[in-house]
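Several structures are given next for inspection.
Both of the next two complexes hold chain A, though its partner changes from chain B to chain C.
Entry: the complex of A and B
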């Protein structure tokens, strides 16, 4: 089987494993959606039992998992008790917002960090390189929630940006162009927080891998032929340094998704984050599992894209040459 | 041995090195920054179509001298006259015209080439800065491949697919691309087996006769030095402690460092091969 086929099979197996773990852990968590109803004297225990039967929650875990797997194979991820609607469309409507947020944040992070990392490596040891190094360490050390809250406090105090949610109250009455700017304004703060956290890691990785490539003997050899710095960077160093950066892409996407869930809750962005949080608190079983599977799916797809890009960038991986880095 | 300018142009020497010194700063947490003198007051010259070998133990400063001459490092003080110009303190840009005169062949051919490049790209790269046309570059690459004993059909193979000896030939082809007058061979035989070393030595001797090339040979392998070099300079602790014709140095070493090197290499075995190119 070829390389991509193997990666695809591995991705599917991973997804099955994740779903099994989700079922097991969610089941182990104490309490159920109907616990609050049990405390209500106006609802008879018979009603609750019949409700549980209706949603299939009285079945043993294995039976439920098997049924869920069969349905999931056809795109049905179960039924949300709290929202009284199938899970998949509900998740998708929220996942679109999360994707919008993470993709914009990722583009911003990569567009800024990659040139910055290459530049810092080319300036190695000088004042500016040291300054960016210290700044990035600082950003790495502070958790993004702290940044989120600090930035939110600034925005709220000086009212620079719209905050909370995704749209203003008068959104429906706006022209298309004004709608675009409205969403963009609401997005700016969460995107900034996410891009800052992700960009710092990318910056440091790119800088390190470019530095390593610059030290390679063949780069020095080419330098002795009088080859210009620009050609050295673009023709020799960047293709070599691209490998580690592309592998980072998959992790970066996964990190963005998990980071995004938190930032969404803090900034009130209507994405998967607040939905999964609410579902977990109310023990909406299938919604929690669906949300987790969606996040896992993003991560696995991100890694898969990174693998494909690596094969495109470095033919030695495809050919299986033993000395490929 | 005067260092005035006119003599360097009048004499037959292609390369004249005068009072070359280079020190590095090595530091650690306890001792702070300590300067290490890698080369101290080095003098020598290399004549046209001749070979000078610099020998010495590891860390004696041979490679530092080589790198200063190839323009990879700038000496702290001193002069490096090539073709009547002192290149020691030239900037990267000003050095460009002299890159074609002096070329370096590195210790490890495998790592001195971009493994993602094809053989053609490796050989043609130095030509790029001269702005030659595609067909012209290809033609030069084909000629050079044949000259170093490789098939021109292999030009499109990746550099990583060549064997050790073939890669060293490829490195020689690359070094010849710009038509140099002096090749700096920095332990260029490292990691090759004996028969391969002999083949590469023969190739270099043939090329020397054909193109009147001068070689600056950095080595600790006395057998090869005896075979290739006209003159030998012995380095120890950054200084040249003894120099003379190869015959002179091998048959009557004066300095203790030279004696030590000769003893450890059992130099007696190599004496029969002294005449240059005799067994080629």
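Entry: the complex of A and C
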């Protein structure tokens, strides 16, 4: 428990650090949301000053940070200037779409990659293992932008799947069942891109850790006792190989919000990604900070969950063995 | 194994030489527009005409017809090697007008087609590669420099230096990097000159990425500082600086080299992503990212497949780098065990 307690304290410190870093950057920023208004002769400087006062932008950095921290502790992440609403509900309404996308993609990636990785490791050195190895390293080398744009190009060119956005134009007129299939169809392309990119990494890690466990001395000893290959693999090797996979699962959880930004923008999925990109371009600072904190929160909580799962799964960490992973 | 590494290194050097001498390899200026030829498809290389086969390939001039481009077969334009055309500067210094290949006007040889302004896509891929790869390499240098400095300090001095520096790396590692990149970019001026944006983007990418190399370097330093020869040197009265420079730094060469091959393609992709979003290097300077950003229009994506050319270049670069990283990694493991 001591270990988890330290992790928790560290997680909170990290969140404070991220928010402080964000505010430090806003201070360095030369531009402001009202820059364009300043160029407009119909808006008087007094209006802009009063607007700045209204949004509290004329306060010094530390005052703003302190007020923001106090509000954030109560779940209030400030006010979006461009959308003219509080940031938190806005973020949450978009984050729901993002989570829908990423959770489905994550499940798909794990369900396919883990059995495939174990299988490839058990087949080590044979033709099929080598083929999957080469394919996965090629996939790993290709940047995500390329994946996304190439798949989108294929889909748009041959009209295989619905693309662009999340719903068809006639969505409101559809029955519940038809709505479900409509969203599922629109989701297929971004989910495929995400699952392909993540699945490759998971596959490589699972294969490597199973392979390492298969070659461990205790496995060789067990084999010499006459334990069958299947029992050896499932009873003795997999629990040992689970450690790195659990850490990786934490990373998967951590990336639930932030991992899909690129794919969302490319596919036009109405998630957090396009929102933050627009906020970036229009310099809507509190929205950007809110998005950053929100995704950092997922990052930190995801890693924390991985730590907890590791403690549950690995007795070495519980006992505080010094060379435990 | 040796041969594979050698071939990969040769491919890497060739790639960078081509990009370095983009002005020579590219037949046209990357910003030269031809409004008569928007979205022209790649010119076909021909070897056979009415009079029979030719050893020297030739092209036909393209003209717009009601349903796309047609080749005007009445006159052929042979491709010549080493021709004089538009002038450019080699590495920004030597002014010259020699090009690797070209055709006589009015025909234009567009190997990868043209974009919406009739600019030669092939030349733009080469010039864009200069920008994107330079950004990736420069960002890697920054990340490795900062990372190895902090990693060495943390690993060598331990105690509170280690605690605080590793705490900071954890902070940077748990940042969602693309969001953070966007965020940092948001807090910097939007409209600045292309050169400034280039430096900005490089610094932002490099400064976000320093944490991972720092951790790796720290690990190596931690094991290196308790080696017997380091302890012996310390016993002879060697200063900390001498130990770091003479005994610790050489130990790092392997890991830094591997990290460089891992990071460069990743940072090239980061620059491409930022420019793709319109936050990186902007027009009229070409970069693979801002060339790809026209593909955000579905009409371009569907009708003009040759606009995907920068993606091909990006994939080739990434694959070469990552294959090299794999071989380096396995050789390093082989050496250390």
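As a convention for this text, the second predicted complex is superposed on the first by the 312 of 325 C-alpha atoms of A that agree within 3 Å, B and C clash if a C-alpha of one lies under 4 Å from a C-alpha of the other, contacts with A are read in each partner's own complex, and residues count from 1 in each chain.
The rule we apply is simple: a contact is a pair of C-beta atoms (placed from the backbone, for glycine too) under 8 Å apart; a residue touches a chain by one contact, two chains touch by 3 or more.
Source: prediction; values computed, not measured.
Enquirer: Clash or fit: chain B and chain C on chain A?
Expert: In the arrangement built by aligning on chain A, the partners chain C and chain B fit side by side.
Enquirer: Which holds for A:231: it touches chain B only (first), chain C only (second), both, or neither?
Expert: So A:231 only meets chain B here.
Enquirer: Quick check on the superposed pair: does A:137 touch chain B, chain C, both, or neither? Answer first, second, both or neither.
Expert: In the superposition, A:137 touches chain C alone.
Enquirer: Should A:258 be classified as contacting the first partner (chain B), the second (chain C), both, or neither?
Expert: After superposing on A, A:258 lies in contact with chain C but is clear of chain B.
Enquirer: Quick one: name whichever of chain B and chain C touches more residues of chain A.
Expert: C
Enquirer: Who does A:239 touch here: chain B (first), chain C (second), both, or neither?
Expert: So A:239 only meets chain B here.
Enquirer: Quick check on the superposed pair: does A:223 touch chain B, chain C, both, or neither? Answer first, second, both or neither.
Expert: first
Enquirer: For A:17, is the partner it touches chain B (first), chain C (second), both, or none of the two (neither)?
Expert: In the superposed model, A:17 contacts chain C only, not chain B.
Enquirer: With both structures superposed on the shared chain, find the angle between the C-alpha centres of chain B and chain C as seen from the C-alpha centre of chain A, to the nearest 10 degrees.
Expert: 90
Enquirer: Look across chain B and chain C in the superposition and give the shortest C-alpha distance you find, in Å.
Expert: In this superposition, no C-alpha atom of chain B lies closer than 5 Å to one of chain C.
Enquirer: Using the touch definition from the top, list the residues of chain B that touch chain A in their complex.
Expert: Where chain B meets chain A, its residues are 70-72, 92, 95-96, 99, 103-104, 106, 108, 111-116, 125-126, 128-129, 160, 178.
Enquirer: What residues on chain A touch chain C, complex-wise?
Expert: Residues 10, 13-14, 17-18, 21-22, 25-26, 28-31, 137-138, 140-146, 149-150, 152-153, 156-157, 164, 254-255, 257-259, 261-262, 265-266, 276-277, 279-281, 283, 285, 288-289, 291-292, 295-296, 298-300, 303.
Enquirer: Any idea which chain A residues touch chain B in the complex?
Expert: It is residues 216-228, 231, 236, 239-240, 314, 316, 321, 323 of chain A that touch chain B.
Enquirer: In the complex, go through chain C and note every residue touching chain A.
Expert: That would be residues 167, 170-171, 174-180, 182-190, 265-266, 268-269, 272-273, 276-279, 289, 292, 295-296, 298, 301-302, 305, 308, 311, 314-315, 318-319, 321-323, 326 of chain C.
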